[in-house]
Amino acid sequence: MRKLLLQLDTSPHPSVFDRVVAYDAGADEIMSYGGVTEHAVRDLVHGAIFTRGPKDLRNTAIFIGGTDMTAGERLLAAVRETFFGPLRVSVMLDSNGSNTTAVAAVAKLQQAAGPKGGVQGRRAVVTAGTGPVGVRAAGLLARAGADVIVTSRRPVAPALVEQIRQRFGGSVRGVAMPDSSQAAAILEGAELLLNAGGASVRLVPRDGWAGRAGLRAAADVNAVPPLGVEGIEVNDDGVEREGVTVFGALGVGNLKMKIHKACIARLFEQNDLVLDAETIAEVAREITAPRN
Amino acid sequence: MRKLLLQLDTSPHPSVFDRVVAYDAGADEIMSYGGVTEHAVRDLVHGAIFTRGPKDLRNTAIFIGGTDMTAGERLLAAVRETFFGPLRVSVMLDSNGSNTTAVAAVAKLQQAAGPKGGVQGRRAVVTAGTGPVGVRAAGLLARAGADVIVTSRRPVAPALVEQIRQRFGGSVRGVAMPDSSQAAAILEGAELLLNAGGASVRLVPRDGWAGRAGLRAAADVNAVPPLGVEGIEVNDDGVEREGVTVFGALGVGNLKMKIHKACIARLFEQNDLVLDAETIAEVAREITAPRN
Amino acid sequence: MRKLLLQLDTSPHPSVFDRVVAYDAGADEIMSYGGVTEHAVRDLVHGAIFTRGPKDLRNTAIFIGGTDMTAGERLLAAVRETFFGPLRVSVMLDSNGSNTTAVAAVAKLQQAAGPKGGVQGRRAVVTAGTGPVGVRAAGLLARAGADVIVTSRRPVAPALVEQIRQRFGGSVRGVAMPDSSQAAAILEGAELLLNAGGASVRLVPRDGWAGRAGLRAAADVNAVPPLGVEGIEVNDDGVEREGVTVFGALGVGNLKMKIHKACIARLFEQNDLVLDAETIAEVAREITAPRN
């Protein structure tokens, strides 16, 4: 019985990236839908859950993507509402790659923070932390015990911070960083830095982080020059620069691809998996764990 | 050479249900198109008939689906007009599953009516008989020799009854049934009952059918409570209730799935099959025939 | 690793013809997109080039099609601009089959013109030579050394002739042919004739070409009666009629299919092939070359 992946994408053209990764991760056939809204979800999901017997449902799965994470979250909610007791299939949400990117970046910082306690109790600053990657990275860091500060050009809405706290638990604060000249002050006391900002926006100049006492690790997910953290190269993957262990966008991206593929493979192992930020982080933990 | 199924669907998103069933029935690859109108058919069908040699054309086939059976019938007509002598491929029409559902429900009633003569000469009432499932079920019952009454909330248009008679032959009449309190009177003298109504509409209360002398078999294709015939359970598949052999929506649905899959497999055995209600009924007869 | 073809089609429904040919030519999976504009190309191509390692990129390729060749050319330009150094995949442009049809028709004329010099120095008339097939056929003939005249019902724009000359080199002139009664005069001195006109338009009557001294070969790509060159039959494939070696639309079409399939197979042999008229002609030369 072939492994069928139902790709529900909120953008007009369903993502080619997600299709290629799914093929390479073991999906036999992909049924791709673009421009999907929550109103269309019921009929599409019925086709996934009412066609194969209960024992075979693990061979069907759903992937939700698209450029808009908020729209993707609405689809995930609609998909879960459509499930019908044991008549359900595994589902993964990764709009714009935000979940897998956030998980990979946090995994890199955890690895660099050291095996003893990881990020526990350390201050972590997530610049551009109010976008889809930033929110999830901040939440995952807080959940792992870090003391998290998220920055945004504009004041960070208390409601957003509260949402992160409620979903992930832990300690999160928002701080406005109108421009990169404030980076040095905001990084005061930080041990971890993650830039979650978009393409071609430099948020942290070199003097904001270089040689700073206490800073252990820094990662940047922006792959398009100018990069987000001045001095971190796109291919950096755990090298030491300016006394700090650093990770560039491709260093993070390689792990992100591994996590993405591992998650697709997991979808077909059972029929009741829901892969969102927290559960994707668990998959990442397993595949990055040192083997005995 | 791979078996390619061209899925022409009149709804914006081509049916996931039909795709999964087609994969499981042996199609190697499915080329799915949504929002297809009759104007787009010619170019799409040319791509199916002008690409492979005459001997290989049985490896390409067309499935017409979508929520609107009338639109599906227009596509089927346009597809057949596009065929070009021996340059043709097999085609199946099953918008909203109406053909396979009607065939399965009628097959269940025939089986319950007994091996001697089946439904021949028996009165059959099809409630909500003017919708796509009802029209086809009524026609198939009439064609098999039953004396058929179709009901509708509003008066049944004589033109519709005439269309059924012309297509399927046999005896068909229309009777208005404004609400379920008239069911008992309309079922007077009936030996067979099929509710072809939609989700969550109760058309026949228990006192309309239970314990009625002469009633042999009753089937209901509505799977969503309240069910269409009070007292028939969704999983019923030939059990006796109130002295009548009954079939619920899943009992009918299991056979419908078998018929649907068998039809897809047949499409790839020759290049000139047209599977519509009557020919799908023949496929059903073969797969439900007792084996020696 | 599966061979994945990304089909970018400028028409609302991506071509079924191109999909079936691609499957039969060895693509394992096809990711089909309809209604693609140049603005959507970047994200789609990123999904093709950023998902597999450099050594595996030859297993991904792009096919550009649709009914409008000008729109297809815009997509090809946008695709090539998106490539990123070695991060690229092979791509083929064949909107409406114009490239493969033009290449096949020219190959037939070259073959008939004889092994010594082929079309070199011979006058070739391409009727309806300003459409997508005609422009490419004229260019390929000019490139091979023919003295080319393209005709159109209206005066041929000097800019179009200049574009053909700049792209393909060689000698090309435009001549208006308001109706088919001028065909005889325009064919004066011609050794080769190609009708590149559309379905059901007769451009060259029998007395325009039959028995004409010097005319060696004639081909017609119009498959729908009335055919474009009176007296050439649709299945003609190198037979002599009226003293001329002639090729009808299916004679040309069979070679076109072989060329199309060979090109798809080539796409997956390397990751930096660009198959447009000139390079498709090279593939045709290899597959039509006499074997030793």
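Lettered A, B and C in written order, each chain numbered from 1.
Assume a contact is a pair of C-beta atoms (placed from the backbone, for glycine too) under 8 Å apart; a residue touches a chain by one contact, two chains touch by 3 or more.
Because the structure is a prediction, the values reported are computed rather than measured.
**Student:** How are the chains arranged in terms of who touches whom: line, ring, star, complete or other?
**Tutor:** Complete.
**Student:** In steps of 5 degrees, what rotation angle do you get fitting chain A onto chain C on the CA atoms?
**Tutor:** A turn of 120 degrees brings the C-alpha atoms of chain A onto chain C.
**Student:** So the centre of each chain is just the mean of its C-alpha atoms; given that, what is the distance between chain B and chain C in Å?
**Tutor:** For chain B versus chain C, the centre distance works out to 46 Å.
**Student:** By the touch rule stated above, which residues of chain B touch at least two different other chains?
**Tutor:** Chain B, residues with two or more chain partners: 29.
**Student:** Once bound in the complex, which stretches of chain A touch chain C?
**Tutor:** 12-13, 15-21, 23-24, 29-30, 32, 257
**Student:** Using the touch rule from the top, collect the residues of chain C that touch chain A in their complex.
**Tutor:** Answer in residue numbers: 1-2, 4, 6, 29, 31, 33, 36, 40, 43-48, 50-52, 60.
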